[in-house]
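Have a look at the structure that comes next, please.
Read from first to last, the chains carry the letters A, B, C and D; within each, the first residue is number 1.
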Amino acid sequence: MKKLINKPEEVVKEELQGIELAHPDLVKVFYDPDFIVRVDAPVKGKVGIISGGGSGHEPMHGGFVGKGMLDAACPGAVFTSPTPDQMLAATKAVDGGAGVLHIVKNYTGDVMNFEMAADLAKEEGLEVEAVVIDDDVAVKDSLYTAGRRGVGLTVLVEKICGAAAEEGRSLKEVADLARKVNSLGRTMGMALTSCTVPHAGKPTFDLPEDEMEIGIGIHGEPGRKRMKLQSADEVVEMLMDPIISDIPYKSGDEVLLFVNGMGGTPLIELYVLYRKAVEVAEKHGIKVVRNLIGPYITSLEMAGTSITMLKMDADLIKLWDAPVLTAGMRKGI
Amino acid sequence: MKKLINKPEEVVKEELQGIELAHPDLVKVFYDPDFIVRVDAPVKGKVGIISGGGSGHEPMHGGFVGKGMLDAACPGAVFTSPTPDQMLAATKAVDGGAGVLHIVKNYTGDVMNFEMAADLAKEEGLEVEAVVIDDDVAVKDSLYTAGRRGVGLTVLVEKICGAAAEEGRSLKEVADLARKVNSLGRTMGMALTSCTVPHAGKPTFDLPEDEMEIGIGIHGEPGRKRMKLQSADEVVEMLMDPIISDIPYKSGDEVLLFVNGMGGTPLIELYVLYRKAVEVAEKHGIKVVRNLIGPYITSLEMAGTSITMLKMDADLIKLWDAPVLTAGMRKGI
Amino acid sequence: MVITRDDVIDWIKVYAQLLVEKKDYLTDLDSAIGDADHGANMNRGFQAVLSKLPGMEDQDIGTIFKTVGMTLLSTVGGAGGPLYGSLFIQAGKAVSGKMELTLADWADALEAATTGVVSRGKAVLEDKTMVDALTPAVEALKESVSKGLSLSEGLKNSAKAAEEGMIATIPLVARKGRASYLGERSAGHQDPGATSSFYLVNTAFKTWTNSHK
Amino acid sequence: MVITRDDVIDWIKVYAQLLVEKKDYLTDLDSAIGDADHGANMNRGFQAVLSKLPGMEDQDIGTIFKTVGMTLLSTVGGAGGPLYGSLFIQAGKAVSGKMELTLADWADALEAATTGVVSRGKAVLEDKTMVDALTPAVEALKESVSKGLSLSEGLKNSAKAAEEGMIATIPLVARKGRASYLGERSAGHQDPGATSSFYLVNTAFKTWTNSHK
């Protein structure tokens, strides 16, 4: 295992210490339980927005704490959902009197831990709503699975809801907005290589030099199918087709197109993919009106990509364009 | 070779097409010769700033074209200096009547190609100054080498000179500022893995599973020495010591600390490194007053890091904090 | 023959020790159909439990179980945290105030524990989860109680049933948790959570039988 | 026996063809002590030259050389671009207007070419660069001319000298270009630029000797 770390057990703590030292203008970091809050939290009268999940997806979520996005993030161990005490403490820390929204990615662990935190918070008299994000079209959405995973769309939900909260919308409005975004966005990912979880010490899966996995998530979990390497253009088609046909997006739709790097994929490749993704969208009459290109929701050093499309309307565009000041995303401030 | 590309020969063109589609609000892209210019170039009365170099270091340089940073970037083939006709055309495109500064990383190819471009531009009556960046302490600066390489500091020079040009400083002032920054900053890098140049198709060097290279550049070139893997903290000490003793930085100095990812290193590790780097700086009485953490000058998918320290003063801090609006770095706009 | 408070503490200690040994194996199982962290998660949780044991030693068994559960809840994370947390918290409620357990008490405790897991995670039998190891163990215990078998025989039966349940997860297609994303590709692999649950039941058998030999 | 304009065009075509074959080898050499692009760079440049050849065919040799040089300058990039660009541009200046070359003309051309490379890159002998292949080739040509040797003998001597110069780069520690960053670690590897320069001189020998057999 080749990593720039000290001990696997210390990675998350030391990362938090690094974040604390790096961004005292943006965030405060708390330990035991671990969470990161916006430096000026709680913001009085504003809905607080919290997300969290396993570490290893940086900049998500800790890098999105700040004005215009998240009020707090709760990092778990690498790829392991955080625990309810973290979310409870973070909820209390960001409650400005207008209630707190939990943005939860749809994984059994995340959902259960957030649920317990919300129950505890409600018992203490706090107003909490939770929205579960499940945008991954790689997973069959059936009664016989844990449902679709929450992946790339989460970044967009956090940005858009963060802007809405900043505008002064109510908890119900922001939660409904999160559900709306969740209903309008879809993602599909693929990997060229596995990642290595620090405490596991070896790649989660072995992928021969001439093969790739289609339909991977963000935890080094294997995908739905394995196949021979294809060109960038073919990969884009394989990712875009199931996205477009799922909602389904239709001619005339305006979308935000998000080409995400999984951590080990150079930016130069993401632009090559973006070029083709726009072409595919246009072939369907879909107009790309906003975009996001880069490693925003990663899977450690995995080489691969995910593509997210989100149907936009005037309100979503306004919220997307609103100012944001975080370590991982910045606009207008 | 596992890459999300189509043909190796097409990577740079297709990347440029992606950039053109993604950022029409920020840049215009020209082909044959290839270069990227700020959408509002030439800015009348402002010194134009150009940089360029081989591709594969994204977001540098193309991602730094925009208000407050570069007026144009000239991308060569992967890891290959661009050609004089690119720099000549870019120089003409950004000349707003106040002259053009070429920011050149110190590699034989880059220096020669930029020199020829500057000569041609001068023959056409343009006012051009060139500053060569050579901040890499891994290379012995002797008469018997091509001198030190230009690495991480280049990003900081581009940001700071971009702000100075935006302020309306003269070509001479901006060029002197670039030289000043170059004299106050030092970088050292290391790699855990090699990168693979697309047209080479295989890793540039082989690094056993338990070894790392210290003193690498940004082109997959081997470093100065190879050794057994060490912990993150030890790596930071190995990179910081030669930096601190080179200028030498002294107790009381205020610095910008830049922990750069080489492309394949997750952000979580960069924060672990940053934490230790601050500790080492403080042990020497050096105060970190600004920072930059992330993959800004990369070497394709190489896993590794470089650390840059730049001695700051009030003017440099003001210029560093000034607004910038590019795809790869954004503040205040 | 009863299970004393010391037996319970021993059980937890031995299980924590076993997790240190089995950590990599559990993680390997989780690599195949999950995200390669089940071993590390369980180990982190039980190391935390170990460090809290000194404070628990003069509590009743119900309180001990609840403290273990709360500790797991705040240290394990992932799916394992709430599930093993609920398991111990519900077991604790079932034997609240008791200073020793009969086989029947233990059957009640593990039944409540399993119900806790099921109501938290909504898994049914053959979803390829820890429930597949726990449910047969509970049934074996209850049957042993109703047949009037000895403590050690009852424990043995439950361990055997848990083991069979664990092995029976191999061919299953997962319908809960992370492995369910794999669809058909999840078949052919043993479930990590069923494995750690088998260890739990098996460690009870081994530790408590040993102390009553 | 002289080198005709067609010979010159043939030489360039054969060299471009050879680069297609040797591309990976040159890149391998550049991987060891550089950045793994010399083969791709040279190949890209000479493919561009090939595509411009039709327009050059009725020009004088000086113009042909200059056009090749300008094309390389705008397509090769890296160190190779300005160096091989200068090489051809300066060679072109030396034989400006000529429609055929004697051995003495060719010696002048290659000397001017080498001087062009040296004045652009500031390398001296034994810096482990293409100069180490070119300089001995020029000397061998000049000596052959002064001894009154035939065209084919002169070309053969120059190819042999270039080859020896190329091989002699192996033990050297680089003092110019990217390989110099490696310090002592650059010793033991053959310089890629010296290799592509040897091919250039050797292709002249082979092509022109063939056409005059």
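Assume contacts are C-beta pairs under 8 Å (C-beta built on N, C-alpha and C of every residue); 3 or more make two chains touch, one makes a residue touch a chain.
These numbers come from a predicted model, not from an experiment.
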Shared chain contacts [chain B and chain D, defined touch]: none
Rounded Å distance, chain C centre to chain D centre (Cα mean): 75
Distance from the mean Cα position of chain C to that of chain B, given in whole angstrom: 54
Chain A and chain C: spacing of chain centres that average the CA atoms, whole Å: 32
Residues of chain A touching at least two other chains: 78
Chain contact topology (line, ring, star, complete or other): line
Full enumeration of touching chain pairs: A-B, A-C, B-D
Complex contact set, residues of chain D against chain B: 27, 31, 33-37, 39-41, 44, 73-83, 120-121, 174-178, 180-183, 185
Touch list for chain A against partner chain B, complex: 2-6, 11-12, 14-19, 21-22, 55-56, 58-59, 63, 78, 192-193, 209, 212, 229, 231-233, 235, 263-275, 278, 288, 291, 293, 295, 298, 300-301, 303-305, 327, 330-333
Chain C-touching residues of chain A, taken from the complex the two chains share: 8-9, 33, 54, 76-85, 107-109, 112-113, 115-116, 138-140, 144-146, 149, 197, 199-200, 204-205, 217, 219-222, 224
